[in-house]
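Below: one structure, written as structure tokens.
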Amino acid sequence: MAKKALNIGLVGYGFMGRTHAHAYHNAAQFFDLPLTPVLKAVCGRDGAKAKAFADNWGATIVETDWKKLIANKEIDAIDIVTPNDSHAEIAIAAAKAGKMVLCEKPLSLDGKQGLEMVKVIEKCKVPNTVWYNYRRVPAVTLAKQIIDSGKLGKIFHYRANFLQDWTISADLPQGGAGLWRLDAKAAGSGVTGDLLAHCIDTAIWLNGPLTDVTAMTETFIKKRTHTATGKVQEVKIDDACTFMGHFENGSLALFESTRYARGHKALYTLEINGENGSIRWDLHDLHRLQYFDYRDEGIVRGWRSVHVTDGDQPYMKNWWVPGLQIGYAETFTHQVADFIRAVGEGKPCHPTFRDALETQYVCDAVLASAKSGKWVKCKHA
Amino acid sequence: MAKKALNIGLVGYGFMGRTHAHAYHNAAQFFDLPLTPVLKAVCGRDGAKAKAFADNWGATIVETDWKKLIANKEIDAIDIVTPNDSHAEIAIAAAKAGKMVLCEKPLSLDGKQGLEMVKVIEKCKVPNTVWYNYRRVPAVTLAKQIIDSGKLGKIFHYRANFLQDWTISADLPQGGAGLWRLDAKAAGSGVTGDLLAHCIDTAIWLNGPLTDVTAMTETFIKKRTHTATGKVQEVKIDDACTFMGHFENGSLALFESTRYARGHKALYTLEINGENGSIRWDLHDLHRLQYFDYRDEGIVRGWRSVHVTDGDQPYMKNWWVPGLQIGYAETFTHQVADFIRAVGEGKPCHPTFRDALETQYVCDAVLASAKSGKWVKCKHA
Amino acid sequence: MAKKALNIGLVGYGFMGRTHAHAYHNAAQFFDLPLTPVLKAVCGRDGAKAKAFADNWGATIVETDWKKLIANKEIDAIDIVTPNDSHAEIAIAAAKAGKMVLCEKPLSLDGKQGLEMVKVIEKCKVPNTVWYNYRRVPAVTLAKQIIDSGKLGKIFHYRANFLQDWTISADLPQGGAGLWRLDAKAAGSGVTGDLLAHCIDTAIWLNGPLTDVTAMTETFIKKRTHTATGKVQEVKIDDACTFMGHFENGSLALFESTRYARGHKALYTLEINGENGSIRWDLHDLHRLQYFDYRDEGIVRGWRSVHVTDGDQPYMKNWWVPGLQIGYAETFTHQVADFIRAVGEGKPCHPTFRDALETQYVCDAVLASAKSGKWVKCKHA
Amino acid sequence: MAKKALNIGLVGYGFMGRTHAHAYHNAAQFFDLPLTPVLKAVCGRDGAKAKAFADNWGATIVETDWKKLIANKEIDAIDIVTPNDSHAEIAIAAAKAGKMVLCEKPLSLDGKQGLEMVKVIEKCKVPNTVWYNYRRVPAVTLAKQIIDSGKLGKIFHYRANFLQDWTISADLPQGGAGLWRLDAKAAGSGVTGDLLAHCIDTAIWLNGPLTDVTAMTETFIKKRTHTATGKVQEVKIDDACTFMGHFENGSLALFESTRYARGHKALYTLEINGENGSIRWDLHDLHRLQYFDYRDEGIVRGWRSVHVTDGDQPYMKNWWVPGLQIGYAETFTHQVADFIRAVGEGKPCHPTFRDALETQYVCDAVLASAKSGKWVKCKHA
């Protein structure tokens, strides 16, 4: 007997829209779920493009006004993949309409806005999640298992960076498709909200809350043409952001992000050092986890390069056979599967809006510190 | 306007069946194709399992007799993912019925059988391809581009190995789901047809035909319980096979495969050394190509680790953004896309049955040499 | 005809003493130098140990009072490998006696003391150098060549860390052989002077002066037995130190050091990102330089792993043949060779005392910032 | 009290001469030995060069006729670093004169000659060793310990290759300094005796004797100018050699060597796969041992990259501190130290001449098989 569908209405159809659409299809095909996720509707300002996207992915409803999508009774969940400055309005409206909400990261433009979103979503009691997809790279999920098992012992250090090099050219405009990330109005911030937010979300998940930070930001290219005005205007986002700080568990934090690290396309790296062991991972070889166990016999002790493709490693029994990798896109598939299961069980699917608000508060503290040059305490969600 | 469908009937529904089903879906979603591949039918001996598989992947026809599938007018192409000993019969019947044929590798149990298949398929003039999927790992396709561009110069060496470790336990039976690969009757040979065939296919594609070989095989575990009889019987497959030889272009060949290399899950590695440069690749980090160019300035010359995820690298503009990987499964998607395009253009999609026969002849020569202890010349397709 | 000797008197005979003794021997044997370095005398508080050390290395003079060594007319140069708190007194006395001075790093306990040393040494006009040996790892020297050639273009980022794990056990005492590094009185600071000083020296050499910093330090184990008193006492050194800052050329600095990074024995890593290229190096594979050149053809662009063992790469024509590595100890040999050549040419051998003072000022700023929680400007030497 | 000296007379002063001279010095300085090795004399056809070499390394006797060296009563041991075709004559004469003999590898031009050398040396009962130095890379010695401890279990595979690229240019002559390796008369064979001999020596040491082989050789550049005649002559050495075979313990052998593998300077790689674990090592990162232990917990199982620089790992307590590498040259130092200790204890220092003869027999079998195209059994020493 066919399972009941969970109908999704997708707002936005850009790069992230494709990853989500792919995930809804694959989740149903590779995971045994209580409900079948169905990409039912697509909404975008450009109707023709939205239609083409919908056709490609089998969505039968096309809208150009997201309010109509939210009003549609057939839709169970709203998935938001628009630029950051529209997350709040759409998510709040969707929640108030009783829809489940899946929102791209970062949750909001800042903590204040995020708090409002959390308040509404929790008041409306709708299932919700934010797409911090890197938690669900099998190697990263495995890291979580290892840490939770106590293998690392007391933690001393957590460091992460997210290095890219795609905005080095001064010829790139701010604004426009894919480039709204350079426009402070649409994006809220630069690498802090775009890249560090990922690092912070994973860090909090793996190592607990941050208490205080001191940060430095830089905008290397001060002026770029704005696509909205056609004029050369001041760039208001941060091209690079570095911060140091403390976690509640006493370990030290060191985070860096930049779009000016030549040679690194999307190198998200994290490392955690504990009394008895350490873990290291990076996105460029995402299926590998580096693991060091001090309790190994001394003469043959060394970093282990764990190829996370076995059936007993997170998510992998649903895919192929040992040695055969999955890619970036499957992290979204995992989140869909976990979300659907959580809905089935009436449990939250982390990161929830509230989880994502905690990340937002760290971003706020980081940006405030970069401005003031002082240590700033992190608020908590 | 919706594109015309190309309806596929899949014979078999095991591990490889899943990879193909996934590929048909994704090819339609990620590539702009002249026809839309549709997994229309599934055939398997166990009707209930076939039905479940069909339901999962949206196939509407279920058969337990592949002859009925071939007789079905709605089906345009037959995709064969059964054990090796049934390829010939099904493929020949399908071709005679005018169906396109996509056949899992190895093409046949041996060259003699393969030649018959080629004769029929070419006489029937049906589009055909064999799933040597590793040609379509973007890094491997890039290797082909580099070699064809002449960057490497005269070639001296080609070496490849495929190392696994999953049959070391003496407790594994021969025969049964997934384990028919240990049963000589179903598989034809052991690692030679299963693993070396992949290495040989890529090698011929990249470096041209092999002329002669000398080989060594070994069966480490001599007896295993056979699932068909329940008795402990002699194992007749090769657990390991190594061979040396020559290519027509004068370069030397060195190939090895085993299922007894502890620590390697599915490590297919290839390296080619030319006068001016070299290339190295392995399946455990499939998105990376190692490239050495002797013409680089001496003091900064070194092996380049190319992260093959950019839009100008093979297939990657259809996927995500630089730095974000695809996985093993997408190699099948690429083959579907290329097959459909080839059908649209009335051109062959390599490797064709004839291409795969060339590989079969090398396997024959290898197995003959291992038996005789002498050098054996390779027949050519 | 035998070359004139340059007679060295070594003060101290511990771990660093051995590296220097080895270097004097090897420099004479592997490099064509204007003077022959001769380890003539050894001075240490324990006369028997000093004698044994001297015998092993062919030194014919043994002293227990460094003042006698300095007074000895036969000695041309004083080499100081004692704990940090005695550098200044010995170096100043040696310079005043007209001896050349080679001093282990860090130059001094702090900038104030360092400045005094610089004043004296420059007034006395004696050749001088400080053993920041990592500049002379061939791969690091090659990095300097590449940067100076302009290959990287405008620099955006410089990051370095020095990670160790040898003091994680709470059972280690402070003070004593090898462990004076945990005793603030003898060492001046913890990882800042011991490890970060190396990173800072290289950074200034490669990327120019730092202007300002903000730092964080931590002492994970607050109390340890002191070998001098036998009592459990407060640990006053920094176990970990992280800082961010700016270089004069506009690039961003990110530095970290710790002795609590499980799995890393002596992992000094540096990376520099420029507009057109990047460089990465680490001490655990010291003969390799990672180099990325954005001007390489796009499809085959990647980080190059340069095995720095060729005759046209720095220092290597004096050693073996391509592919054959040298080790850690040879960095000291290179410094001896360069020092002797500089003496022969009447030129300074960098890093001089003044160069090392610049590093000391950065350390001072780092420690001051860690205390105040504020950004601190760096003084300049 | 000073130790008794063991006076060495070195015949030859080229590249290998330097490595040995360095080793005699360092062995005395870094190892506590029963006798002090002293490089007393140097012999070479060019007296001026021999004198310069002797001066540099502190040798006080210079000869141009090795017979005089052997006749010299002051000399305890003769060290032979001349081209291969003179090993036998010198070694035999030295042994007959009662000198200890240290001989560069390969022992001889072939097994027949080697057997004669063994007979004499054993009859004369003089301590003897052959410089297969790679056994004494700490990581390789550690591999031996691991294998001997039984950690790997039953062995299935042993593979090794030695890849270089320095003779690709057709402009290189055969004969002359450094290039006598291309001259069959002086070298005996090409890569087989020069490079594979190393691989075979290590293999026999780690995995026991080889029983039979089948081989393939190639000479890519057929003619080169000979420095002796000035004429373009046929090249009679093997540029590349590959062989397969069996070990007595039932494991499979796969060996390859070439000087035409562009991008590899001196890449000696070995891997051994056992039932419970595997080991991998290569010369380009000689201080690292890759170790896989199947008994590690499944989810965190992976190849361990062991940085062999700790005091409890072979030879390393005599050098620096964890994390700090030694280089290629120290392998010779270790052999000197082990030789002297063996002399002190009246025990053999492996590989002895007899051990090296076993390697020679494998080389003979390999070359014979390459000629005949047939499997050849290996004689045993």
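As written, the chains take the letters A, B, C and D, and residue 1 is the first residue of each chain.
Here is the rule we use: contacts are C-beta pairs under 8 Å (C-beta built on N, C-alpha and C of every residue); 3 or more make two chains touch, one makes a residue touch a chain.
As the structure is a prediction and not an experimental result, all values here were calculated from the model.
S.K.: Once you count every C-beta pair in contact for both, which comes out on top, A-C or B-C?
M.R.: Pair with more contacting C-beta pairs, A-C versus B-C: A-C.
S.K.: Which integer distance in Å separates the CA centroid of chain C from that of chain D?
M.R.: That gives a centre separation of 36 Å.
S.K.: Taking the mean of the CA coordinates per chain, how far is chain B from chain C in Å?
M.R.: One centre to the other, that is 55 Å.
S.K.: For chain A versus chain C, what separation do you get between their C-alpha means, in angstrom?
M.R.: 42
S.K.: Quick one: which residues in chain D touch 2 or more of the other chains?
M.R.: Within chain D, the residues that touch at least two other chains are 264, 303, 307, 310.
S.K.: Once you've mapped the touching chain pairs, tell me: line, ring, star, complete or other?
M.R.: Its topology is that of a complete graph.
S.K.: For chain B, which residues count as touching chain A in their complex?
M.R.: Listed in rising order, the residues of chain B that touch chain A are 2, 15, 19, 21-22, 25-26, 29, 55-57, 164, 166, 264-267, 283-286, 288, 307, 309-310, 319-330.
S.K.: Which residues of chain B touch chain C in their complex?
M.R.: 142, 145-146, 151, 289, 291, 293, 296, 298-307, 310, 312-313
S.K.: Going by the contact rule at the top, pick out the chain D residues touching chain B in the complex.
M.R.: Residue list for chain D touching chain B: 152, 156-157, 159, 163, 165, 168, 214-216, 218, 220, 240, 242-245, 252, 254, 256, 258, 260-264, 273-278, 292, 294, 303, 373-375.
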